[in-house]
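Structures given as structure tokens follow.
Below, chain A partners chain B and then partners chain C, in two separate complexes.
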Partner chain A sequence: MELILEKGRLDDWIAALEGWQAFAPSQEDEVWGYRPTASPVRLDHPNTVQPPKNFAFPQREVFFRFEQVKGEPPRLTPVEPDAARNVVFGVRPCDGRGVVRMDTVFSDHVEDSFYLGRRKNLAYVGLACLKPASRHCFCKSVGGSPVSTEGLDVLMTDLGDCWLLASATPVGETLMQAAGALLTEPSAEQRMELARRHEEALARPQKSAVADVGNAATRLKDNFDSPLWEELGKACIACGICTYLCPTCHCFDLNDEVSGGKPLRGGRVRTWDSCQFPDFTMHSSGHNPRDSLGSRLRQRVSHKFRYFVENFGTPQCTGCGRCVSQCPVGIDIVNVVNRVCASV
Partner chain B sequence: MIRIEDIRTQARDILETGEVRAVIGWRRGSRGMAAEPVLISQPEEAESLVWDPTCFHNLSLNLVQERKRLARKGMASNKPLALVAKGCDARSVTVLLQENHFRREDVYVLGVSCEGSGVLDERKLARVLDGLTPDSAAYDGDDYVFQTEEGEKRLPAREVMADRCLECRSAYPRLNNAVFGEEKTRGLEAPFAALSRFEQNRGAERWDFWKRQFERCIRCFACRSVCPLCYCEECVVDSIRLEVTPETTADEKANRIRWIERSASRSDNFGYHMTRALHLAGRCIDCAECERVCPVHIPLRLLNNKLEREAREKFGYEPGASVDLPALVSSFRDDDPNEFIR
Partner chain C sequence: MGDNIYLPQLARVSYIKEEVAGERAIKTFRLEFAEGEGFEHECGQCAMLSIFGKGEAMISIASAPHVKTYKQFSIMRVGRVTSAFHELSVGDVVGIRGPYGNSFPVHDWRGKNLIFIGGGCGLAPIWPVIQTAVAQREHFRDITVFYGGRSPRDIMYQAELEKLRGAADVHLSVDKAEEGWNAYCGFVPANLMDKEPSPENAIAITCGPPIMIKFVIQNLRSLGFRDEQIYTTIENKMKCGLGKCGRCNVGKDYVCVKGPVYSWDVLKDLPAEY
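Right, the complex of A and B next:
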């Protein structure tokens, strides 16, 4: 389904989405992030600081609550995931591809009811990148495209005075049908303009590129013991920026958080965790198998370009460039992959 | 005027003579404008060192990291490590020495007086350039000069300089083994100017402001990781040092003290940032790296500045002024200005 929406009618479409809570990128203290929509929604954002990963995989999630009265067995109360239907606007194609990868992780072997519970009520309306959304993005060299619909329910393309909406899933069609008369059939010229703009976006060079993603998994395996890892990881400060801002990083920790005594009560809580934190692999014995900066950099990069390929047949990295632009010391995953893969 | 050739020559010399085992400085990065920290140990690598307005990093962090790395490997070094240090960075080396983190002879300071020309604030620059992303930045008198895809852009430095540099009182690295640049400071704004501006807001407005900031924190811990003075082996937010033996019971593990939970909730974030600010009181030398690296733009410098000003006003204390001064929180003076303590 391909239909036209006039630029001024985007807010009307959002208002017509009954039963859906809508989110779109906006700025708070100059930080671009997904927040409940406020009119007018413009969709003229660069890459958001955080990807839309929080919608299905929030940074903090309570699995169940507990209460322990002395002398009685503990009482456990399950927590159901929020049943609200959320629709997220302005999702870049790289982040759409991130969604697909997260779906894989949380449904392979074990179905994560918390993730999937949120995910089934979630729709993503994407925005084609006619210009790169970041100086550091590199989607084309990792199998993506600035107009990819992977993981998206609808892809919007800016045609100047209007949007062209293309549905990519049945959910996307439902969202578009809700717009009713707001959407009109595209003219032949508009279809040609869409093709022209997409071609131009595909042809536009990106400043950064993984040199040979097809052979990266093998090369990273060959170079597992390369001294380059320590060399390239030397400047790392072991913070969590690269992983917390990544659309596909999904590691987490579980803790029991006590919220009060008499009777003792609290909840079992899942929170994000990061393989870049030194204590991530710390054993209770005190031994830490990933004790050095280089070994942790190798883990992050190998997960994106080797282990995920070995497990699921595709690189995990979608080339959004956030870990590159936000790294406090300039560690550039493209440079790391290219250097390690090119070494003998 | 600082000539990068002079810094390179000195770095090469001390590596060649074996006076130091490595030099920590900056080189061109692979991702565009910003320089990146580098540790070099071969004299010929000195050619790669750079000096420009993107040398924001406080490299004394790398001294701390290198020391920890050696300690973990059970290695000792009998040769000093050199670092290129701006006036502010040299003050944090001073605090590390005051706190006996290492000995004076373990460090070789290649001091660079930026002469008040400061470093860039990338967010201010982004506002001015509106989408243009420069490939390089350079000093030129009172200006910064940027190379962009639309050609050269020249901006008055004070328009895009980091707040802490605008307010800088001492750009000259007093602690040094060699020094480049003159003893000049510009003082483009009064000390604590950003803090004073913020404090003009009423209490309720300030509280709303901080609630919003702490709500946004994602606890990536970049502020802590980038801070050379946050060197504790175990941080109050990471409970990793409980000694677990076969006899340790589940209750003991579950009941270990956790002052601050791992959840990035507003109250736990508040606890984390307040604890960090208090632990830096009288120690923070205002390199403002915590504020620069925060991906969600929490103006952490305001918190640290507030306590820095308290230390100055109440105790006449200036962190990092001299190695010979005792640390603020572990000292007592007969002439303390406060009556209650005498």
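Right, the complex of A and C next:
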């Protein structure tokens, strides 16, 4: 389904989405992030600082609560994931692809009811990147595209005075149908303009590029013991920002948060974790298999460009560039992959 | 989608035995499911044990699959959760979820000589295999158990090891000679070389401190054991047990899913640290 929405009617479409809580990028204190929509929604944002991964995978969530009177058995109360129906607007194709990667992780082996429970109530309305959303974008070099619908329910393309909306899933069609008469059939000229703009976007070079993603897994395997890892990782301050802002990083911690002592009350809580933290893999004995900055950089990069490829046939990285633009010490994953892969 | 995969079942502590005292204390616990169906397991699999308010720890199941009334765990006091376990009394209720990981292919080893080589608390993960082999004694040929601790006080499962005699050849050792110790004095790998088990139609299963495993495998190789005749287990920090939390991987595989049991044939190709 391909239909036209006039620029001034985006808020009306959002208002017509009954039963959905809508989110879109907005700027607060100069920080672009997904927030509940406030009129007017413009969708003229650069890349948001955080990807929209928290909608299905919140930074903190409770799996169950426990209560225990001393000397008595504990009582466990399971928690159900929030069933709110959320629709997220303005999602860039790299982040749409990130959704697919996260779906893979949380569906593989055993299904994670918390992630999938939220995911089934989530819709993503994407925005084609007619120009790179940041100077650190490298989606094309990792197999993505600035106009891809992967992971998205609807893709919106800016045609100047209007949007062209293309549904990519049945949920996307439902969202578009809810707009009723707000959406009109595109003219032949508008279809041509869409094709022209998409072609232009695809042809536009990106400043950053992984040199040879197809051979990266093999090259990273060959260079597992390269001294480059320590050299490239030595500036890392283990802040974890690269992983927190990554649309595909899924590592988490599980801990008991205690809220009361008599009786013992608390919950088992999942929080985001990071492979860049020194104690991430530390055994209780104190032994740490990844005990250096280089070994942890190697893990992050190898997970994105080797292990995920070996397991699922595609790189995990979607080329959004956030870990590059936000790293406080300038570690650039593209540079790391290219340097290590090129080393002999 | 459906079940809360992180929700443990409740289990009651029905038995506690202090195996080893001191700094590296080990206690054995038997847990009986307090409600629900519980779960079955295979030799080598692990379970995630909870003490509410403290958290979870992944522990190898030390009882054999044919033992249905309880699951046994021998836990060294190391971190927050394992220390809390050491404070438990019989009757206390804890959380348990699992089973996780792969298992020893015990069934495939029928008709073979089995040689177990354990050190320290590394007897626990291979104990279910020993128990299974003894329970199905007619299906196996010679069963030999090498096991050692730092001192006689560090030998776990002492009474149970004595009970094995008859069904199995048991070769105990302590690192340093001590009065009253009549068995072998020296490290486990040395005891192995002293007895020189034959690789003929044999499987060697080893578990213990990494340095012990390293030399055991070296010695097994020099005795003529091929890589595919040698099995061991690896452990890593784990949180989920389900291949999602991202920390226990060796290369592309999560140990909680693809491990903890590896044949040396497979393990030797993986990096030593990861």
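In this text, the second predicted complex is superposed on the first by the 344 of 344 C-alpha atoms of A that agree within 3 Å, B and C clash if a C-alpha of one lies under 4 Å from a C-alpha of the other, contacts with A are read in each partner's own complex, and residues count from 1 in each chain.
One rule holds for everything that comes next: contacts are C-beta pairs under 8 Å (C-beta built on N, C-alpha and C of every residue); 3 or more make two chains touch, one makes a residue touch a chain.
This is a predicted model, so every value here is computed, not measured.
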Original post:
Put the two structures on top of each other at chain A: do chain B and chain C fit, or clash?
Top reply: clash
Original post:
In the superposed arrangement, which partner chain does A:Ile241 touch: chain B (first), chain C (second), both, or neither?
Top reply: first
Original post:
Which of the two partners, first being chain B and second being chain C, lies in contact with A:Val324: first, second, both, or neither?
Top reply: first
**OP:** Figure out whether A:Arg290 sits in contact with chain B (first) or chain C (second), or with both, or with neither.
**Re:** second
**OP:** Could you say whether A:Phe64 touches chain B, chain C, both of them, or neither, answering first, second, both or neither?
**Re:** second
Original post:
Of the partners chain B and chain C, which touch A:Val31 in the superposed model: first, second, both, neither?
Top reply: first
**OP:** Look at A:Asn335 in the shared chain and tell me whether it touches chain B only, chain C only, both, or neither; answer first, second, both or neither.
**Re:** first
**OP:** Once the structures are superposed on A, label A:Met282 by its partner contacts, choosing first (chain B), second (chain C), both or neither.
**Re:** both
Original post:
Touching A:Asp253, do we find chain B (first), chain C (second), both, or neither?
Top reply: both
Subject >> Partner chain in contact with A:Glu189 - chain B first, chain C second, else both or neither >> reply: neither
**OP:** Under the contact definition given at the top, report the residues of chain A touching chain B in one complex and chain C in the other.
**Re:** 253, 255-256, 282, 284-285, 291
Original post:
What residues on chain A touch chain B, complex-wise?
Top reply: 28-31, 33, 46, 49-50, 59-60, 135-136, 207-208, 234-235, 237-241, 244-245, 253, 255-257, 269, 271-272, 274, 277, 279, 282, 284-285, 291-292, 324-326, 328-332, 334-335
Subject >> chain B residues touching chain A - in the complex, by the definition given at the top >> reply: 29-32, 34-39, 57, 61-62, 65, 69, 72, 123, 127, 131, 133, 212-213, 216, 218-222, 224-226, 238, 240, 242, 244, 254, 261-265, 289, 292-293, 295-297
Subject >> chain C residues touching chain A - in the complex, by the definition given at the top >> reply: 1-8, 10, 12, 34, 50, 52-57, 78-79, 82, 93, 95, 235-237, 239-240, 242-249, 251-252, 257, 271, 273-274
**OP:** Write out the stretch or stretches of chain A touching chain C in their complex.
**Re:** 63-64, 66, 68, 73-74, 76, 78-79, 105-106, 108-114, 116-117, 120, 224-225, 250-256, 258, 264, 266, 268, 270, 273, 275, 280-285, 289-291, 295, 299, 303, 306-308, 310-311
